[in-house]
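Beneath this line is the structure, given in structure tokens, with notes to follow.
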């Protein structure tokens, strides 16, 4: 066999070993999980930005208290899709969603639906940590205050949220300090605490660890595992190993060029339980991606 | 051998080797011209300040208490700036009260709530045009509408409203810039928690934009305080022996007084005008210092 | 279908009328700025029309004598050209002072100065811009004329009140505007252009004059027009320093009167409302408003058209 190919094959094998290790590292019970209650049901969803079709024909559902991962190369609509789930796409002028997005059997885009109420229940953590330029305490307390939660003790609520985000010990002595002074990983966990404080039903995470170092990333991955007991989590990630490590189900997306124009439209290729996707994917494109042949 | 190797030969790579004598001379001449051109402005400013101080310092120092606490007089030695100084202060506060909320409100609307359509573009273009209208024209507006049509007379109220209307575009521009400087990620973070647009603006965007907005407002007000023409046109008095007690009372202003004294032939009045200018400049300096302090201390570094 | 538990329902529950009211109030604030413009136009228009009812508009637009209260009958002579003459003299004079100084300063700040020098120079320019116009007028009367113009050009040539002093004063006032906007335009020129020129062996002078200034020309032009507009609208410095004599002249050492000064000096002398002299003020104001409006629009157009270039 020619030199180059040998190396490729070795890389592939190393790659597959890494994925396998990641799968094995998961707690045992997840691997045998039964189909859970459905939180989101998407049916033939298309997303347009003005004339441009960003994403087409997505049909999948998201299970309760599971971690669902969207993976795939850049530009294939993963972030676009996750933003549809809490109607953050509404904020982009020209954005349009077609098809059905159901949240607990309610049409997310139906008449009379209030995007503000949607976002109360479906929170989001962003790629780059974006704490408010206020104290740590105020960051966590902001959400409950604006949605009209009247907790018997705001101090307790702040503490609980910070504990649940595994950052309490690091900040308990400096709650009045400006949040911008924290490290990147701490800021991101603060953002998670902030999202938790409003008692959401779902937490969406758009590449939450891509701006962080490996240690912070690992801490947040551990956190996700705990969080899914209370919340349903959907995560977009570029990091396949991360998806293999933490998620219960994985959706693989890719992009295809539209005829004529150079625009690329995203589409869902395959969606299955994570171990299935990574050990025996049904689509060749999925296989190419996870074995590192492209993307 | 060829011209190319000549060029590349070490001796011709010496610095300045390709610059002819004429070129070097031109470069130096240009640098001199630039320097002179720049320094003229600086020298002019220095000369101006020196002229003011030279003419006015003695008068001010001679008896500052009298100067600051006396009313005007026919006799330059006895003339004081009390009415004018207090009048300017009152005008400034009242002007701020009128134009700050409206200016910030307009800025918030244009930046956060206005849809991108023809009406919004028209409003924006309108604000930009207003910023370039000469101050006398604002005076005529004040005269026609506040003084005569609304029958406020040449009063504190009319003066403050006129100055407020004049400062409005400047504040709108300053506030808009401050609001625009707040990163979108902050707004997105707030929306994602279930905050409404107004909650986001009121609790996150505006507070973050406040240092820049306040700085811009103070600068706008300091410009308004130095304005004479609008107050002259609406007919505010120069000779006045009382401080306003009521919004309808007449009021004077420091720049008006300076104008009057400057226009008189007696040299003693020139000194008095200069002394009053020192006070005005000191006031402006203080306001600008506050504005710069605010900007340096409280601006958020994202 | 399972009934959705109440706390998962996403339909609107509260009406949020308070918020809608607030947004309406904010909208009102924004619209107020339109009210201001309408107010200006209305005020100017009403009394200008009134003025033209009593005094011929033709004479206004073509007459070369401005002498309110003199001449045939009760009215005076209201030809606007002496005032426009004065205004343009000051405008052109101010540009003659402010343009070279401003652009040179801008080139120096943008291409030559170290950040330390900039740190000193820019605040200095801002201070210059912040000096109230009365004070600059005082400076013109007490220094520029007696200690600068008269010694150089002769006391008998230079009137006490003269256009040159007014021009220099206004020129100093618009220098910071021209300098700062031109400097912004120059700094916006991509450094890749400069580097290309340097790479070909150009000196800093050549790069500044042949690459940067031409590239920034639209910004510089906009600043000049803006500066001219400011000069046209400037009142107090010219009122104090340039005089009270409306006349058709091109002699900068004579005293003249600008549109703005005419307004200022008329109101200074107690004019009864409703008289021709009073209404004349608004006709002048209208003239001024239209002139500066035209210039501001042109300047904005230039900026808009060329902003695309280096977007």
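A few notes on this one:
Chains here go by letter, A, B and C, matching the order in which they are written, and residues are numbered from 1 within each.
Note that in this section a residue touches a chain if its C-beta (ideal position, glycine included) is under 8 Å from a C-beta of that chain, and two chains touch if they have at least 3 such contacts.
All of these numbers come straight from a predicted model, not from anything done at the bench.
With centres taken as mean CA coordinates, the chain nearest to the overall protein centre is B. Chain centres here are means of the Cα atoms, and by that rule the chain farthest away from subunit C is A. Taking each chain's centre as the average of its CA atoms, subunit B and subunit C sit 14 Å apart. Note: centroid distance subunit A to subunit B, computed from Cα atoms, is 50 Å. Subunit C has its Cα centroid 55 Å from the Cα centroid of subunit A.
Shared contact sites, meaning residues of subunit A that touch two or more other chains, fall at 117, 121. Chain contacts: subunit B has residues 196 touching two or more partner chains.
Residue ranges on subunit B touching subunit A, taken from their complex, read 116, 183, 185-186, 188-196, 199, 203-204, 208, 300, 302. The touching residues of subunit A, when paired with subunit C in their complex, are 103-106, 108, 112-114, 117-118, 121, 201. Residue ranges on subunit B touching subunit C, taken from their complex, read 18-19, 23, 26-27, 30-31, 33-38, 40-42, 44-45, 47-48, 51-52, 55, 101-103, 105-106, 108-110, 113-114, 122-123, 125-130, 132-141, 143-145, 148, 165, 168-169, 172, 196-198, 222-223, 225-229, 232-233, 235, 255, 258-259, 262-263, 270, 273-274, 277, 280-281, 284, 288. By the touch criterion stated above, subunit C contacts subunit B in their complex at residues 16, 19, 22-23, 25-34, 36-37, 39-40, 43-44, 46-47, 100-101, 103-105, 107-109, 112, 121, 124-125, 127-128, 130-139, 141-143, 172, 175-176, 179, 201, 203-205, 208-209, 226, 229-230, 232-236, 239-240, 260, 263-264, 267-268, 273, 281-282, 285, 288-289, 292-293, 295-297, 300.
Across the complex, subunit C meets subunit A through its residues 1-2, 4-5, 7-13.
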